């Protein structure tokens, strides 16, 4: 039986590759793509998702639902410095034939999950505004979803917007806090792991380019700016793929090599730390020892501690063949 | 010419070893030991410092000044779960002959620094309350001190009280924030480095014990509880020495293998992140790209990125011979 | 032409009287009652609204839409200490004949407003969760609504949950912050004014009781606990009617005797001040004088500074005849 | 027996009049004037205090101790828009003969209080930095002081810097929080009361001017800018005297007509509310009813609820005869 999937995405760069993994996998039934504000302008995110469906040869088969155009409490940000103005390394693709649905992403999420209780896996690879609104409107989706994969936050490590915060959580910390505390069966794939197991090396990227299929050409073209940024800024000889790695793990659980049930929460109040993700750790003293004012807490999420990079790269490579 | 030094300490466990490094080094003139609340009860911290001076064979030679008994804004904490009730692995040493000075630590800091402008190195290895009060009372010490070494915070990594915060910064975040922004020429040795280059392995500890000198016996006895905690909790085969590593680097600059001038600041407002230390990073996008609302900032501190563990262990071993 | 109205309410006590004002006014077309969590358990709020429609003799004529059962970020509170366990002074009314709609309150708000652009007045007399979700899902309602009346916050004065915060804003500060900054043409009726012009005196309540109509009996019965609380706690010889006063002003603009366009915002980050409403004031220095770090801001809302208490009491009395 | 007094002041405008009340009162032994940063530049505050001592005919009799030049956590502010550039309505007085002491204000506070346990009344009419440093350095002063009068904060009402905060608390909220929670026997005179009972009307000011004594001329000259600001901004026909009213109440307890023991605390974490003073109120529900997460608290301070304005004006008028 196919795996039912819904992907919430601010489609730009790596978001597109995550979509490819799902769109090109015959064992996956991608019920919906829902769009959240994020990497580039909202309308561009919608277009990028539509074009990606087409590039994957699936035009008209997977509906794309526009959702929240704005974070809850702050101005939207823009990651054009990583992904280019159009989020696709300025490939400036033409509009896809498929057009967006009129139904709102929030309702698409609720209806898809509630129509198939216990069956739908959600991948959240954007700021969590859509998911937060969905679970606020219909709290039952937390129990009804099969599993929620979140790409976001760090594992108590350096972020990618501020020292303290990763993009998806930084852009809408309130939404992130709502979702991680909403009671989903959930897994967190952090920026921290992405910088290790989410890297596709230059050699591997060359191999993908050498495939020279339509989809591999799409991949290589769209990956251009992000690769340049990773090389310049992170001094990594390759590009970083948080969303695609998250999708890969969601599609094939065997890629999760190490994981831990943790207490995850999101800072919404700090002045230096808005969007910081706190992840509990076994090396910390017991709460009661550390500070009697700290309440002990129950793990609310599985945090991925190590993934199978080689397996991920293989899956990505196969998807663009 | 001897190096003028002042150590501010909440003496327990590793604090004592840091004092040993300074007390047993003939090239160091330790002008003052000032006591801050912290690891165990304030009066016990004072006694532990006095006893350590005696154990180092320096009784009566280095004055010990009691300082702030309380953090600025919160109840004091207690790290007896690491260091034993008396902070010395429950060795229950008798009172030392030397008694504490009547002058307040804050004035001892100000007077020592201002009496020798440009000459006094300060090592701050406790919550930063004394230093904050000193620089608030006499802002000129920031320029007049030769260098300030701070053991505290993390390098955007897991803490040792909460996921977000290290003990010294957690106990008095306001004091930490005041001090890191006061304009000292300063170096930060974080908990993050301590867990790597501050580790003395079990084998090395055995070698120290085998010296069987009075000072090595003191070291081994006092280190007992901390070693047990590191093994049980951090799964490290050895004990962790943040304060001694900081002192070692202060005494011998060649132990600093890698360092970076960074923007360091301390979170005082968060609900999950009180005491979090934000450290700027070269892998982050420029502030203006990341978020137009973020102001670019000027580095205020050198952050130690790699220290010479072997060199540190040699220095520590020599100090207890 | 009738005035199109939608009331969002956590129906208990005074919420019911506000509904009466609208339900009993022939010039008002009450398109929808939407229910938000708040004063008592969510399901009880729904029942209270349905019963009130029936008590007003309008059973089956005005749909009641259940909405958000929970605040965005915190546990729901309970004001049973003011309104009794059932929110109706423990009158324990039987279930009404009319049953709640299946459509969600958030969609009812969006659809009602968007179906009649520029025509629908909204009264928000509960925590602002439903409104926040609605404007997050469909930002266009902010421009399309004719006017939004908010009962909530204080005019820089003492609250009714904490010193700093009024109930509706305290229960969901994030929602309040979203709504006041969403761009609605809006008026704020604060708890501060409610304690003055929202008071119906004991003598006036006696006159209402003496009418001895079915609706006046309903009013008197439901008002019992709230009246007792006002007398005991606020030392007011009468009962306080924030929601009804808000509705009265919305229905008859001439009841607004004084008002001022202000910058209104809501504190979400404080430890003592969560839910505090900041209202700009002409007696303050210019922002640039007061603190160069403060940005000058543009008024986003009309704040009612004085209402016509006598006129309100007359309207309320007429409504229960 | 004379009343022992110490005044901590950022001398400008009304600060000077408070000093006059103490300096011109034969029953008061003013042991020390300590200077805190605040209204105008620090050095100008010192000069203004020295000049005021001279203007009161007491040159050389009351020592003036300079203290903290900076708030704990933020840049100093400036209230020149109220008091003129020199804080004295640009009277540009020449330097006084008496010069400042070399001893630090913090030590002057500690030593004065500890030398006469149970005898010294402190009036704090500036940001609370000096007092906070003093009680941090020597916690025993909280018990040893006879009484601490604080001019600062509001009684849950509009501030005078932001809507939420009064100047003294806004400039150094951390210091204010430290002091109100330090265990002093204390009274709070708020900006809220100052705008009522701290007003000297134009007619009364004219009567003061008509006295035409050296001290009344000093008063009238120094009051010029503040009077203009009150008229323009607060639409008050008179000038506002928070510091002088506080001193008057401290000197003559019979001027306190109404007061209440309250829980007072200061917000240091909010984004709109830094420096907000929370004052408990009898009209609020019990903490356990209002929100089970709120802990009930014990009153820590007497809050003045009504003072004798006429008595204050008489005292002020007599002081400048």
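Remarks
Should a chain be cited, it is by its letter among A, B, C and D, assigned in written order, with residues numbered from 1 in that chain.
By our rule, contacts are C-beta pairs under 8 Å (C-beta built on N, C-alpha and C of every residue); 3 or more make two chains touch, one makes a residue touch a chain.
Protein names from UniProt, one per chain: A, B, C, D = Purine nucleosidase.
Treat the numbers as computed from the prediction; the structure is a model and nothing was measured.
Looking across A-B, C-D or A-C, the interface that copies B-D in more than half of its residue contact pairs is found at A-C. Look at the CA centroids: the one farthest from the centroid of chain C (Purine nucleosidase) belongs to B.
Annotation: 40 Å between the Cα-based centres of chain A (Purine nucleosidase) and chain B (Purine nucleosidase).
Work out the mean CA point of chain A (Purine nucleosidase) and of chain D (Purine nucleosidase), and you get 55 Å between them. Contact with two or more other chains is made by residues 268-269, 271 of chain D (Purine nucleosidase). If you draw each protein chain as a dot and join the dots that touch, you get one closed loop, with every dot joined to exactly two others. Listing the residues of chain C (Purine nucleosidase) that touch chain D (Purine nucleosidase) in their complex gives 75, 77, 81-82, 156-164, 170, 233-235, 265-273, 276, 278-286, 289-291, 293-294.
Against chain C (Purine nucleosidase), the residues of chain A (Purine nucleosidase) that register as touching in their complex are 68-70, 72-73, 104, 106, 129, 132-133, 136-139, 174, 177-178, 268-269.
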